[in-house]
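One structure is given below, represented as structure tokens, and several questions about it will come after.
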Amino acid sequence: MSHAPDARFAAAGRPSPPLIPGLAIAAIGVLVLLLALPFVGLIARVSPRTLLVRLGEPAVLEALRLSLLTSISATALVVILGTPAAYLLATREFRGKRLLEVLIQLPMVLPPTVAGFALLMAFGRMGFAGHWLSAFGVSLPFTTVGVILAQVFMAAPFFIAPARAGFAGVDPRLLDAAATLRASETQRFLRVMLPLALPSLVAGVSLSGARALGEFGATITFAGNLPGVTQTMPLAVYVALQSDLDAAVVLSVLLLVMSFGLLLGLGSAPPGWMGVRSGAGHPGSPPHR
Amino acid sequence: MSHAPDARFAAAGRPSPPLIPGLAIAAIGVLVLLLALPFVGLIARVSPRTLLVRLGEPAVLEALRLSLLTSISATALVVILGTPAAYLLATREFRGKRLLEVLIQLPMVLPPTVAGFALLMAFGRMGFAGHWLSAFGVSLPFTTVGVILAQVFMAAPFFIAPARAGFAGVDPRLLDAAATLRASETQRFLRVMLPLALPSLVAGVSLSGARALGEFGATITFAGNLPGVTQTMPLAVYVALQSDLDAAVVLSVLLLVMSFGLLLGLGSAPPGWMGVRSGAGHPGSPPHR
Amino acid sequence: MLDIRVRRRIGSFTLEAALAAPSGAVTVLVGESGSGKSTLLRLVAGLLDPDDGRIAWNGEPLVDPAARWSVPPEGRPIGYVAQDYALFPHLDARANVAFGLRAQRRPRREIERRVAATLDRFDLGALASRRPHQLSGGQQQRVALARALVLDPEILLLDEPLSALDLRTRRTVRAELRRTLQGLSCATLFVTHHPTEALAFGERIAVLEAGRVTQSGTRDDFVRRPRSRYVAEFLGVNLVDGTIAARHADGLVAVACEGTTLTVPDPGAEGAVRLVIHPHDIVVSRAAPAGSARNVLRGVVDEVIPEPPQGERVRVLLSTRPPLAAQVTRDAVETLGLVPGAEVFASFKATGVVVLAGEGGDA
Amino acid sequence: MLDIRVRRRIGSFTLEAALAAPSGAVTVLVGESGSGKSTLLRLVAGLLDPDDGRIAWNGEPLVDPAARWSVPPEGRPIGYVAQDYALFPHLDARANVAFGLRAQRRPRREIERRVAATLDRFDLGALASRRPHQLSGGQQQRVALARALVLDPEILLLDEPLSALDLRTRRTVRAELRRTLQGLSCATLFVTHHPTEALAFGERIAVLEAGRVTQSGTRDDFVRRPRSRYVAEFLGVNLVDGTIAARHADGLVAVACEGTTLTVPDPGAEGAVRLVIHPHDIVVSRAAPAGSARNVLRGVVDEVIPEPPQGERVRVLLSTRPPLAAQVTRDAVETLGLVPGAEVFASFKATGVVVLAGEGGDA
Amino acid sequence: HAAGAPKQTLRVFAAASLADAFREIATAFEREHPGLEVQLNLAGSQQLASQLANGAAADVFASADERWMSDVREKQLVDGEPRVFAHNRLVVILPRTNPARIGRLQDLTRRGIKLVVGADAVPVGRYSREMLQNLARLDGFDVDYARRVLANVVSEEENVKSVVGKVQLGEADAGIVYRSDVTPAIARYVRAIEIPEPANVLARYPIATLAGSRMPDDARAFVALVLSPSGQSVLQRRGIMPVTGTP
């Protein structure tokens, strides 16, 4: 016998949390404090009344509308453009793969203002691609489309990385099974990969959506700041910040409240089968202890 | 027979890419152009010689060193503080779970400057937590620790979301098996969860590390811009931008090159068993077509 | 002694089972697909808690919801081989087997020694560095067995542990299992669908039907007194329910059953009885039999199934009323032309029938 | 007709198999764990490509590496049930079964009809809305079968498709399989470890050993002329290799084999021979037998295994030289006291031995 | 505290646009005061103000805008009176290539011109609007000159450097910035159109020592150096108008 006969009853019915779980709980506590305190500080500064008053202002409404419009469009674009790339990276080996991986991650480390300049140099009037685009009468800077482009550039990595990890985690036996059931690669992707990687995709959408919603530096540098056209909420916040700190805080809290609602909505994708996504499933539910 | 007898030979040996794969390839092309062109534009502006010259400057070296120090520390902290939270969110149901989820995601949508301001209000000398801290002689603003705090605040969500998705994707049957093999919850976590969620964790580390490395707004607002103490690369870029766009671009390219190296290194975590992470594995390698 | 008395609901299924598994013996658990065998093992393993009841090992409770007591799986002296192996995909065979010993922080030397010995015993030495996905189904199953047995558990829970093994490997593994069990006071619960395995392994056999233990006892009792249609089918004997209709003078009775009346030995009781008719006692012929057999039924051949080991005996399913299975030789099948659809007579002697009286019938 | 002639290396394992599976019949594939059965099925399914060789269906190539031709799995007219079911965890049983029809974009009404019919045929109607993790092992396996069969495949690849099914369910499923196969010109490759299943299913039986097909032919051939030790073990007969040492006058020869000389019928050939000795031809006794049996060996009882269906026949493994398995009745076991370790004599008549001459021996 | 050196540190919070000039002045100051080290905290005036309001320890505050100085002053954080140490004036800049062919200020009203200015909330934006109104009152300009020019605005930048950047890169056809922004480096890319003096606006840069300073004497010495002729000449060299010699 490899353990003392009574050792197994030494622990209480519920195992007493030893060192590591204790540390884990402490870590969570610290994290929550770290994250929550600044919000408390921020919200403590504004009265709900001011919030409502500001929300009634057409300029604020305009910025809110534009923020929603652009960040949703940008996220949609990111998903459309990024999903194939994530899939490719997750399922195939090819030359230049590392390069593509790194390329996709680079926008994250670029200071946003510099990213905006880089975008200008590529897609601006004098940029080489922009030059070519303007031949077709297309000009991106100072337009809403430009805002979306800037957001896509900054937000894409935040979708692709988790999406790729999610795709890579899907059991290849299930894809094999789908192939023997006459599903083409496209169908395998849509009917097996996509639903099984959903939790990671949802994480990616929420990360990149949030990044697009909060995008400031690249937007103002590439697309400028014109109310109703390119002035999103973060831009309105920054401009307000230059003259009136409290106004900026109110706008930020507004942005927060909106995001809060959005995130609450998004996050409620049912994780029902997340826990049993792989293999053939197992009889019996997880222990209900 | 549910299909025409000859239909199966109508396709070439290798299935010809129909509409959807074609679209996918187009999407990847657009994405690559979108991401690559700005970098090309940026890099085209600087000569390697200037790069080397700037790299030799002590001030630049100082900022680089500080950036590395703070972003690595911040990422380490994010991993230490965020992993338990991600694990908790992935494996347990509890009251207030949605709240914790949303709290963790909120910093992403806060404009960074406002985040810095919020941090000041919480951890500044006048902030309620800062007040308490200063009783112990601890002051965070204008210190390197303050930079790290700002980076942790901004980068944490980018680690926690993919980490959580990764944990949720681990087959619960394997955790059950580990439990019956006498592994405590801590051991199950360390020996089963962690290695199986590794690809998602690596994604999270690289996302949050990049976010920390590129962090500007919250840092300058909360920690100030003191060379050698709180002036990281993005802050140095900002100062350079005040006098000379090209100098700023050079610094940015330097940051890029460094990140490039870092990402190339990080990303090379072997994905060998990622494809077969779930269930009992399957005999035979994936098709080599 | 492992004492189980539990109730547990999962969705629309309820397991309500009482069972005792003595130490030092193998208790085989048989039952239809979905009858709750895996659920029962998971309850003993602690991967599932009962709603009600108690599981105790040598008198000490493993779980007792009334007392809010539940020893976590890692604290139970069990070895568990799941129906789907659940090998760790990121570890090779050796590390899979070493997992439990490492979790217990045994000295490295001891781990190496015990793991190597166990791998050898299960003929896995050459495969030790393979990951699960590089192993065949049977090889995976052996790793799963080795992984559980290396810990010398006191309670062994095996959920169809040999289902993926071929005959030869099965024989080795079975011998190895026996050896492991004999040295210890281990109580083993062994789930299987295979009559061969059930009879080969189980000193005691318990039958689970729709979440309830309907029969539990020694192998002999199981073979001689099948208490349910399921067990009869499992054993391959015919089970016919009926009521004693008349008492003959010669120690025989007439039993009225589905569509006919059969003559069988007098059980010395009244009312409902259950008849066990062994297939090899049934004679199949094309013409009406002339002999002394008291029971003759007419019917059509349904299916003809050669039986192992060599297919020299053949099982013939007949759509008589009641339907019967007969066992005949391959020669008989050929000379009589027993193909599906053939019209035949089935006859058997009254004295060959075992009559069980006062046994509760099942649906 | 499915024509297979392939070579494929995976790690240190090489499959090099040639096999033909006729349409409208079941070809059973047996072989030890790790012999390459699953690999062969995966090659036919197109989940793995051969390094060399060719697989053709009715003359048309499915894969031909030399011609750089490979029809992708979704283009092959196959049905494949993997050893581990591989059900889609995010879909309920109904949607799992409907998957293939949906992929083919059949009309919704047709899909509903065919899925409902197939679920019913496999007795899954009540479980249709359950996700795989809410199903027992056997229920999962039935869903996997239904999912493959609803597509009416021309080539059916079944990797131990009944391993998780209990007897009764197996009978239903087997009948259902039969019905499905009979209506079609389907060629079926059926992997199994179980002699019962192999004999019940396989009109043709192929044996895979270490990646090579060592025997392939009709069931009768398989039963009568076991060509390898593996097949003999599979069938439960004794196989003894030897060389003809002397020719007797009475149509018998003396064969020198491991540790002894046996007297057997003259095969009319010289040199190496292989002897097939049926266990039920071997008489076990405690005292030296007095009768006419020409072959008498001394040994010790190794193991005593009751045989299904009812355990009335018992298999006794003897450590004679060569080692033999005998089949005796349970009564004999009891009266003779055949427990492991008991010293016994094994005797068998010369005329009962089947002598195979000129058959290549295996290791 | 940085290196644990025995040197004392003077903390100067300065607007980021003053970076180059203040770095030079700081070096000079350190040369004059061997035991002292100057630590510059360069950020937006508003960021510096909120840092100060939240208890940041500093000795000197140099703002690019009077608004933030008064904000700090209202909070009783300033020691004594702030002094104006620099001025600035506006210019209109065009890309060297001059894609919109702008020759004179009147051309800014032409439709389709892409004009970039500072946002109303930032000083340069406020001054620009004021300046355009002033121009409208001059001869040769329409009465609704300001309105028509502002109708061409495609972006209201949060930061004057962004205005410079947009023009420098040729994205905008014209921009209104401080004269000090046209540094020699920038001058290679842009052309400036001077504003007639009567219509131009004077921006003031205030500096003050802070109440919380632990070394008020050194702080005052730093302010004095900025206001001294040598300090002023550094500013001038960096393109910032010194106070001396301007109204």
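Per-chain residue numbering starts at 1, and chain names A, B, C, D and E are given in the order in which the chains are listed.
The rule we apply is simple: a contact is a pair of C-beta atoms (placed from the backbone, for glycine too) under 8 Å apart; a residue touches a chain by one contact, two chains touch by 3 or more.
These numbers come from a predicted model, not from an experiment.
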| item | value |
| --- | --- |
| Path length in the contact graph (subunit B to subunit C, fewest steps) | 1 |
| Each chain counted as touching subunit A and subunit C at once | B, D |
| Distance-maximising chain from subunit D - centres being C-alpha averages | E |
| Dominant chain pairing [most C-beta pairs in contact] | A-B |
| Chain whose mean Cα position lies farthest from subunit C | E |
| Copies subunit B and subunit A - interface residue numbers shared by over half, same or different | same |
| Separation of subunit B from subunit E, taking each centre as the mean of its C-alpha atoms, in whole Å | 36 |
| Subunit A and subunit B, separation of their C-alpha mean positions in angstrom | 11 |
| Interchain centroid distance [CA atoms averaged], subunit A/subunit D, Å | 54 |
| In subunit C, residues with contacts to at least two other chains | 10, 38, 46-47, 72-74, 76, 82-84, 86, 104, 134-137, 151 |
| Subunit A, residues touching no fewer than two other chains | 3, 15, 117, 120-121, 171, 173, 176, 182, 184, 238, 241, 245, 276-280, 282-283, 285-286 |
| Subunit E: positions in contact with at least two other chains | 50, 165, 169 |
| For the subunit B and subunit C complex, residues of the former touching the latter | 171, 173-174, 176-184, 187, 191-192, 195-196, 273, 276-283, 285 |
| Residue numbers on subunit E that touch subunit A, as the complex places them | 44, 46, 50, 67, 99, 114, 116, 119-122, 153-158, 162, 165-166, 169-171 |
| Touching residues (chain side subunit C, partner subunit D) in the complex | 10-11, 30-34, 37-38, 83-84, 130, 134-139, 142, 159-160, 163-171, 175, 193-196, 199-200, 219, 223, 230, 233-237, 278-279, 303, 305-311 |
| Subunit C to subunit B touching residues, read off their complex | 45-47, 72-74, 76, 78-80, 82, 84-90, 99-100, 102-104, 131-137, 140, 144, 147-148, 151 |
| Residues of subunit B touching subunit A in the complex | 3, 15, 18, 20-21, 23-25, 27-28, 30-42, 44-45, 80-85, 87-88, 98, 100-115, 117-123, 127-129, 149, 152-153, 156-158, 161-162, 164-166, 168-169, 171-173, 176, 182, 184-186, 199-200, 202-204, 206-207, 210-211, 213-214, 216-217, 233-234, 237-238, 241, 245, 248-249, 252, 255-256, 259-260, 263-264, 267-268, 271, 274-280, 282, 286-287 |
